[in-house]
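Shared between the two complexes below is chain A, which has chain B as its partner in the first and chain C in the second.
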Partner chain A sequence: MSQLELGLPRRTHHFLRVFFVGGLISYRALFYWITPWMYVPTMLAAPLFQILFFVYLGRSAGVGSMAFFVVGNSIQICSMSGIYGMTMAIANERFFQTLSPLLASPANRVALFLGRGLPVLVSGVQTTVFGFLASALILGFRPPANSLPGLCLTVVVTAASCTGFGMALGSFGLRTRDVFLISNIAYFAMLLICGVEVPLQRLPGVLQGLAQVLPLTHGIAAGRLLAGGGPLSRALPDIGLELLVGAFWATAAFLLFLLFEHEGRRSGAFDRL
Partner chain B sequence: MSAAQRVPAQGLFRTLPAPLTWPRITLSGWWFQLKMQAQSGFLIMTALVQPLIFASIAMADQQAGNRTLPLLYYALGAGIMGIWSTVVFGCGGALSWQRHQGTLEPLVMAPAPLVLVLLGITLGTATVGLYSMSATLFWGWAVFHAHVDIADPGAFCLAALATVVALGLLGLVMGSSFVLYRNSSAISNAIEYPVWLITGLLVPLSLLPGWTHPLAYILAPTWGVQALRSAALGGDPWLPLLWCLVASLGYLLLGVFLVANVERLARQRASLNWQ
Partner chain C sequence: MPPPAHPGGGAAIEVQDLRRTYRTSTGTFRRHRVDIEAVRGLSLCVPPGQLFGLLGPNGAGKTTTIRVLCTLLLPTSGTVRVLGHDVVREPKAVRRQIGYVFGGDRGLYDRLNAVDNLRYFADLYAIEPRLQRRRIEEVMELVGLRGRERERVEGFSRGMRQRLHLARGLLHDPPVLFFDEPTIGVDPVGAREVRQVVSELARAGKTILLTTHYMFEADSICQRVAVISKGKIVAEGTPQELKSAVAARTVVEVEAYGVPEQTLGRIRELAGVESLAVEVREQSQLLTIQAQEGAQLTARLLQLLEGVRVERVANREPTLEDAYVSLVTSG
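And now, the complex of A and B:
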């Protein structure tokens, strides 16, 4: 269908094309784990074993309930796609030496940047849904049926928030040599800081404060409330905060992207590894 | 040392019967790998940062919970988790990495047996994992006020050494079998957590389903952590230590067999440079 048939102005059409088509192409080209041989062990098996590991750790320490760890970890695993996926989607352009041609193109930067987040977000939601389903089958986790729509909303918002955070980390890939080191540290640190494995109130004040501006914290709190039978109205403030945190990181990421693009143009260091 | 002084030394080594040069080949490989890995950001993250995070989670959960396993129990378990991670990612991809770098062909072509070259690499990688053990013990003492009183320091050092050797040899098995699989990092990603879980590094084996126990018994981390805990917390470390050595011997034999086969297949298929 042509743009005239759609009745869209040329600029909007270009924006949407870069956003959807460009985003999908970049995901297929730059996301290492897209083949089934990588996707199944990395994005499904490893998260499943992570859930089991922490459920058993909780049992051995006698802390929390099974639902505490299932909800925390099932929501947290969406950050694998958000953090690593976005890091790959941005930093790998430099690694594959395609960053210069990309930034020489007149493509809208917002569309270019945000479009890469959509497939990553969908992949994150997919991983979390798999985590919940596997926990239901293996561990007998049963949230109340009326909590499912709220849980779905929470998962989508949290995956979006993690994608925003991943964009910010990925932006550093335009400048630093080993951005995956930063992503790895961030991913594992969030297990501790965001209340995934340890009740938030057990952490020192500094870490509790840091947790408030990181993705996952509010999403997991909302998820636990809903899975425990709480009404959606009580979870909405946490869901809203999670969205706000995601928007903050996405904005910061975009500004960083523009800054590093400017710096790269000035120093001619786009493809320098 | 000048060139004139080095010539006789080289000549001396050349005259030695082959088996007498084996320790030197392994030791050189081990030292070279140790120096290289010590500068790898990824390995430092895997051996240092990640175990500290897991140790913190386990100790914080222990303090919040109602069970009374000592903090040292978790610090030691998290330390071995770090060694396992370095082995899984460092050794699992050892041959693939050499291939990626284009150095596998010269290594295979060299007169030194390939298995010894690989052994040096995998033992070096496992040794880097000792960072984890030291870091988690220090972290437990400094942040969580764990009592790091080792009941039998001699047995503890021996158990740590045996664990590193056993894991290095397990790395040899993984390195030589993963090379046939193009996406070896995917296997590494998938087997990190299961082995942490079933070998009882942080969760006592008694809490796990019975069908996991036979799997745990053939994996060296199970015996390594039991030997370390017995030596540190008081108990008999010698039986688990013995099993650790038996497992090491098994891994060595399997590793020699696998490396020989992989080398033969790679030569036949001319796939040494296959990416």
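And now, the complex of A and C:
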């Protein structure tokens, strides 16, 4: 059977190959911080200092509990992988000038694009789990044992949601060469808006509204509830909302990718450094 | 191997009145839009199994044309078909049938080894996993990279990178191949090897469109050549036919130091002079003057160059390069 006459099972098989194997290869090719001497300081050490910084700041200022800052920051640090990892996964194609051969291939765009998110998601989960473990060891943070399954679910969903958002930002890498500027602004804006360091109700109404459609917000709310001993059933609506927000951004990201791919063919902007 | 058939029959590559305009802008606050016409009504037709050369100087529109053919750019107007498939309406069908190889040392995943670079594209082109290893070995052998498969690409020389580009383009065994200046920046030995591979592919029945600005490259491997200048084809034929266009000319080469611009202008105006090309070397300038056959130029040239240090003056037979220079300078 020729390549043009692929049956459905074989098409599905190729889709999955591009999604899983292709996603992993492209992650190794494009994620700057993959080597241990980059990964440990950037994805583990710096986030750990962020957690410690805000916990001690909160303590010395006498605002918020340790759990408030540990849960907020430990969940927030997964966005580093989601936002920067996905930005690299798309924008670095421009840097290596591999966009042309990539887009000249007949590969399924859904598999090509979404497959890149899986390793980023795993990396995000890893960072957050490290944040919680380090907080337990250094700060004595102890969430109730029965909250752990719920917390794990929250972390996976939030990391997925951040990855979807990162995909949307990364798509701009097809359109502009300065995409990391957008990622930097988004990363720090989320630190303020999504209830990581400041309770949502203390923010102006506009920011509170914006926070509802951003990743992290609902995941952090669910995480705090669970870490405070709340039942999973009460956290599920927030976890569901976080999932919806992630699905929204992933869909928007894919549509942006298609739009910018078409726009790049029209304007000739691919591979312009 | 016979040339591949396709639904439309006829030409493998068909370009009709292709136009492509880029819009760019200048200024920071008051943006001023400028339209640049890179390709201006280009038409060409490549039958199956032919090695066709698109020859032209930098900025002539070669890369733009090839990128339209590879579905990476949309034409502003005109019709472009590959194996009967329209590049605008059926890009996916075109992508399955073509291989795209471009020059330069970028365009590869530097942090991956050569095999992983190819494995990734093998998946993108839906090559069966059980066939991938054998196919990768075959193309690595073909381009002379066996033994270096597991090395990271960041340590590759420019020539090795170019060969890896070539391997990637051939991986899915496409019937139509586009080579965009495949030997640019490659050392002479490496460039000769790349040309050998391209020639072998042509002998195997592939349809190939190759862009180059090296005349000898087009002359040595292409069956047919089109000369492109300022976005238009100014001549088309076999290398022999193009050479014959300047066969009845005299070519004089003058190597001199510091020839003023006004003297160059006077040389251009000399009776019988068809074209003048100036190549600046380290210290000197090489003037290549094409004139009508029988024109007695040497004495008049030396008279005009009085006061300028002249290293040598020589007459020689016209080459394809002279045909090319004549075409692109008069276009």
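Following the convention adopted for this analysis, the second predicted complex is superposed on the first by the 265 of 273 C-alpha atoms of A that agree within 3 Å, B and C clash if a C-alpha of one lies under 4 Å from a C-alpha of the other, contacts with A are read in each partner's own complex, and residues count from 1 in each chain.
One rule holds for everything that comes next: contacts are C-beta pairs under 8 Å (C-beta built on N, C-alpha and C of every residue); 3 or more make two chains touch, one makes a residue touch a chain.
No experiment lies behind these values; they were computed from the predicted model shown.
> Report clash or fit for the pair chain B and chain C bound to chain A in the combined superposed model.
They fit side by side.
> For A:Pro41, select first, second, both or neither according to whether it touches chain B, chain C, the two together, or no partner.
first
> Looking at the overlay, does A:Leu112 come into contact with chain B only (first), chain C only (second), both, or neither?
After superposition on chain A, A:Leu112 lies in contact with chain C alone.
> Based on the superposed arrangement, let me know which partner A:Ala67 touches: chain B (first), chain C (second), both, or neither?
Once the two structures are laid over each other on A, A:Ala67 reaches no partner at all.
> For A:Leu169, using the defined touch cut-off, is the partner it touches chain B, chain C, both, or neither? Pick first, second, both or neither.
In the superposition, A:Leu169 touches no partner, neither chain B nor chain C.
> For the combined three-chain view, what is the angle at the C-alpha centre of chain A formed with the C-alpha centres of chain B and chain C, to the nearest 10°?
80
> If you stack the two complexes on chain A, which partner ends up touching A:Leu103: first (chain B), second (chain C), both, or neither?
second
> What is the contact status of A:Val18 with respect to chain B (first) and chain C (second): first, second, both, or neither?
After superposing on A, A:Val18 lies in contact with chain C but is clear of chain B.
> Based on the superposed arrangement, let me know which partner A:Val120 touches: chain B (first), chain C (second), both, or neither?
neither
> Measuring by CA atoms in the overlay, how small does the chain B-chain C distance get, in Å?
Value for chain B versus chain C, nearest C-alpha atoms: 11 Å.
> Which residues of chain A touch chain B in the complex?
The contact residues of chain A facing chain B are 33, 35, 37-38, 40-42, 45-46, 49-50, 52-53, 56-64, 178, 180-181, 184-185, 188-189, 191-192, 197-199, 202-203.
> Can you name the residues of chain A that touch chain C in the complex?
3-4, 6, 14, 17-18, 21-22, 25-26, 28-30, 34, 96-98, 100-107, 112, 265-268, 270
> Quick one: which bits of chain C touch chain A in the complex? Just the residue numbers, please.
22-23, 64, 67, 70-74, 92, 95-96, 98, 100, 102, 104, 106-112, 116, 119-121, 123-127, 129, 168, 172
> Contact residues on chain B for chain A in the complex?
41-42, 45, 49-50, 53, 56-58, 60-67, 69, 182-183, 185-187, 189-190, 192-194, 196-197, 202-204, 207-208
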